[in-house]
Structures are given as structure tokens and as C-alpha cells.
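Pasting the structures here.
In the two assemblies presented below, chain A is common to both, partnered first by chain B and then by chain C.
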Partner chain A sequence: MSDKKMFTIVLMDAPYENARATTAFRIIDAAVRHGHTVKVFAYEGAVALPFAKQAPHANAVHGRDAAQEDHPNPKDWIAAMMQAAEQAGGKLEWINCGLCVDERGVGEAIAGVTRGSPADLWKNATASDNTLVIPTK
Partner chain B sequence: MKVLNVIEVAYRATIEEQDDTVVWITHAMKGAGADLTVLLRGNAVSYAVKGQDASGLSFGGKTQTQPPHLDDDVAKLIGKGVDVYVVEDDVAERGLERSELIAGLKTVPRNGLAKLFAGFDQIWHW
Partner chain C sequence: MASYLLIESRDPFESNDVSYYYDLAAGLVKDGNEVTLFLVQNGVLPARKSTRSGALAGLVQSGVKVYADDFSLRERGIAAGRLISGVKPAPIDTVVDRLAAGDKTIWH
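Moving on to the complex of A and B:
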């Protein structure tokens, strides 16, 4: 029996709002680096996490230009975790709730992100070993 | 797989969304064949209060024509065969009478939650 597991994780928070998205990324990163498969269903504001047009910026308060600031955009972390997953023999699948994307106008997502519906969440949850919902407050 | 959707955060963006997004996704997943039960706890027990009216919003002359009807949305879940529980202690603490709530609800005391949870494969706490 394989020791590799499959997890579904539901995210709801938009980027740069609170620590929940960062905490979720820590969990996802740890799972995929161990070769597990993670299937994210991004709901509500979380669909903006892989938005392709996120851009790093300079920070005058820090006294750094954009290159020096090296401001992390969540889209880059997601792409990096997808790559790390492949290298570890696992997979990170990311499904954005399509209606949530339309409401927010963030249809341009990074490669590897797909558009889906609550039916996909249910399908993934039933196929997974467990599901973690990280709701917004 | 039997899942209990626990809804606790209440009235989060319900005006913008014209519904509660967790009640909505429960409807959508039920339509996809999901075996779901709902537990309303904390402030979310107010979703079961009959006759709540969020209509009349207008900004700059742009009027919301389809305000949320959370009591109806919960009642429709019951109509689709979804069991909906309310925590009776949370109802009482908010001064709500059972007669003020929609029909078809199931109640559970706070000290009965662990036993309720044991009947499900997964608990999704929204």
C-alpha cells in the first residue's frame, strides 16, 4: 500500500489580507514536498491567489527598488509549489471557482490553474484521503 | 461519504453575493450528488429566522433588485432533503423563539455536538 496520500484543501481568503493563506501554503508545501497530491479548490477571494497579473513593487519605506524588495507574489509561490510537487513525485492541482473568478475579473491565472465548480470540489473530496476547509472570517 | 457543513461565520458578504456563499455551495454540491448535512451555529443560527428582509439597498441610484433571502435559501436546502441543524443553545442565547424559525429544522444541544459529529465521515467547518 502506497504511503502517498491525496488531500483536498479549500481556500477562501484573498491574497495580502491575513495569515491564513500563508498558513495554507505552508501545509501545501509540506505535503507536496513529501510526494503527496494536493487538490486545491479556491473559493471566493482565494481565486485571486494565482492571478497572473500580480506584480512585485518597489518599497520606498524600505528604501529598496523592485528588484531589491523582491516582493513575493502568491502566484509565484503557487507555481513554485507545483514544480516542487512534480520533482517530489506528487502533484499540486489548483481549481478556481469559475463564478468567483468572473465576479472578480481575475480570469488570467498562471499555467496549471483550471476553472471549475462545486461539483469538482465534491469529486476531489470523495477521492481524497481527507479534506481541509480553511474558511475566511 | 457523509459530510457535515458547519456554518458559523454569518452575513459575510451576503449583500454583495445575494446569498451566503457556504449555503450556496451546499446547494451546488447537493445538486452534484453530495451527501451533505448542515449545522448552523453561533450567529449563523439567525439564517433560520423567518421573514428577514435585506431589500432596499441603493447606491448612487443603482438599486439591488435581488437581495439575499437567507431563510428561504435554508428552507430550500431542507426541501432538497438536506438535514439542517441549529444549535439550540445559540438560538436561546440570541433571544430567538422556536416559533420565529423556519419549519423543518433539527435541533442539537451544544453538549450533543460531539455525538452528532461522530455520525459523519468528514466535518467541514466554514
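Moving on to the complex of A and C:
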């Protein structure tokens, strides 16, 4: 039996709102760095996590420009995790719920993100070695 | 017998649901299952001795393996030496390892 596994991870939280998204990213990052394949199904607000138009901003209160502020954007973390997965011999696939994307107008996602439906979640969960659902409260 | 990974992200001072989750862990062990409870985010707060630590200590006594996310502990300034007996700091890789082992995994 291979020690490389496939996991489906289901995300619901929008960016910039809750520590759950950060923890989810930490779990995904650890999994792909071990060479496992991770298939993310993002729905509701989580479809904005890989939104391509996220932009770093300045912080006028602290007198810092955008470069000094170095504001993190989740789209960059997702891209970095996709790259780390390939380097470790695994893969990070990211499927955004299409209806959720349309509702929020966040169709412009970074490269590697695809559009899907709950049927894709079912297929991935069925094919995976394990599934973790991280819901909002 | 099955193996379960229960992930607790909530603070028992803020959410009474946490006690129900602890009850689930205790019940699963009582029925002969292996249970790992991984505390993360504000879920690590009762791992430091407080008025809400008793239930967690009881889980340790009952045979639940209890781990506290080391990153969450550092974020909250909780040193490993302040943890109640039986609760061990652990990296997030613990979750990945349990997923790979096939544990039935639930997030709360």
C-alpha cells in the first residue's frame, strides 16, 4: 500500500474572516509537503480564497505603503501550495462551486482552479482515502 | 473498533458545544474505539490549567489521546510547561498523519 494518500478537504469560510481558513491552509500545506494529493472543494465564501483580483494594500494609519505593509493574500498562498505539491510529487487540485462563484462574482481565479459542482465533491470524496469537512459555525 | 480524529477549534469559555464534543470523545472510547482529540485555535485554551480544564483532564484519564496544536499554543503565549498532565503539544502534521491512517475525522 502506498504511503502517498489522497484527501478531499471541504472549505466554506471566506478569506480574511476566520482562523479556520488559516488552519485549513496549514493542514493542506502539511499534506502536500508530505507528497499527498489534496482535492479541495470550496463552496460558499471559500470560493473567494483563490480570487485573482485580490490586491495588497497600503496602511495609512501606520504610514506604510503596500510594499511595506506586505499584506498577505490567500490566492498567493494557494498558488504556493500548488507549487509545493508538485515539488513533493503530489498535487493540489482546487474546485470552486460554480453557483457560489456566480453569486459572488469571483469567477476570475488563479491558474489551476477549476469550476465544479457538488457532484465533483461526491466523486472526489468517494475516490479519496479520507475526507475532512471544515464548516463554518 | 474504529479510530477517530476529533478536531476541536472552539473555546469552552465561549461555546457550550465543546462539552458535547468532549462527551462524544468519551463515548467513543467507552465503546471501545481509539480516539485522538486535536485541539486547535481557541480550542487549546483549556489545555492550560483553568476552571475549564477538568473535563479535558477527564478525557485524558478515560484514554483519549489529547494533542494541542503547537502553533495555536505559541499564538496564545501558552508554553508547553503550562499544559495539564497528559496533553501534549503537537504539529499540524498530526492531523495529516491521522487522515493518512484512515481515522474517521470530524471538525468542530
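Here is the rule we go by: the second predicted complex is superposed on the first by the 137 of 137 C-alpha atoms of A that agree within 3 Å, B and C clash if a C-alpha of one lies under 4 Å from a C-alpha of the other, contacts with A are read in each partner's own complex, and residues count from 1 in each chain.
Keep in mind that, in the parts below, a residue touches a chain if its C-beta (ideal position, glycine included) is under 8 Å from a C-beta of that chain, and two chains touch if they have at least 3 such contacts.
Model, not experiment: these values are computed from the prediction.
A.B. asks: Quick check on the chain A-based superposition: chain B and chain C, clash or fit?
C.D. replies: fit
A.B. asks: Given the touch rule stated above, what does A:D70 touch, chain B (first), chain C (second), both, or neither?
C.D. replies: After superposition on chain A, A:D70 lies in contact with neither partner.
A.B. asks: Now for A:N130: first (chain B), second (chain C), both, or neither, which partner does it touch?
C.D. replies: So A:N130 meets both chain B and chain C here.
A.B. asks: One more residue to check, A:H36. First (chain B), second (chain C), both or neither?
C.D. replies: second
A.B. asks: If you stack the two complexes on chain A, which partner ends up touching A:D3: first (chain B), second (chain C), both, or neither?
C.D. replies: second
A.B. asks: Applying the document's definition of touch, where does A:E44 land relative to chain B and chain C: first, second, both, or neither?
C.D. replies: First partner only.
A.B. asks: In whole Å, what is the nearest CA distance you get between chain B and chain C after the fit?
C.D. replies: Scanning every C-alpha pair, the shortest chain B to chain C distance is 6 Å.
A.B. asks: Based on the A-chain superposition described above, do chain B and chain C contact any of the same residues on chain A, and if so which?
C.D. replies: After superposing on chain A, chain A residues 130-131, 133, 135 contact both chain B and chain C.
A.B. asks: Which chain B residues qualify as touching chain A in the complex?
C.D. replies: Answer in residue numbers: 1, 3, 9, 12-13, 21-22, 25, 28-29, 31-34, 122, 124-126.
A.B. asks: Considering the complex alone, what residue numbers of chain C touch chain A?
C.D. replies: Touch list, chain C to chain A: 9, 40-42, 69, 71, 91-93, 95-96, 99-100, 102-103, 105, 107.
A.B. asks: Can you name the residues of chain A that touch chain B in the complex?
C.D. replies: Checking each residue of chain A against chain B gives 10, 43-44, 117-119, 121-123, 125-126, 130-131, 133, 135-137.
A.B. asks: In the complex formed with chain C, which residues of chain A make contact?
C.D. replies: 3, 5, 7, 19-20, 23, 26-27, 30-31, 34, 36, 129-135
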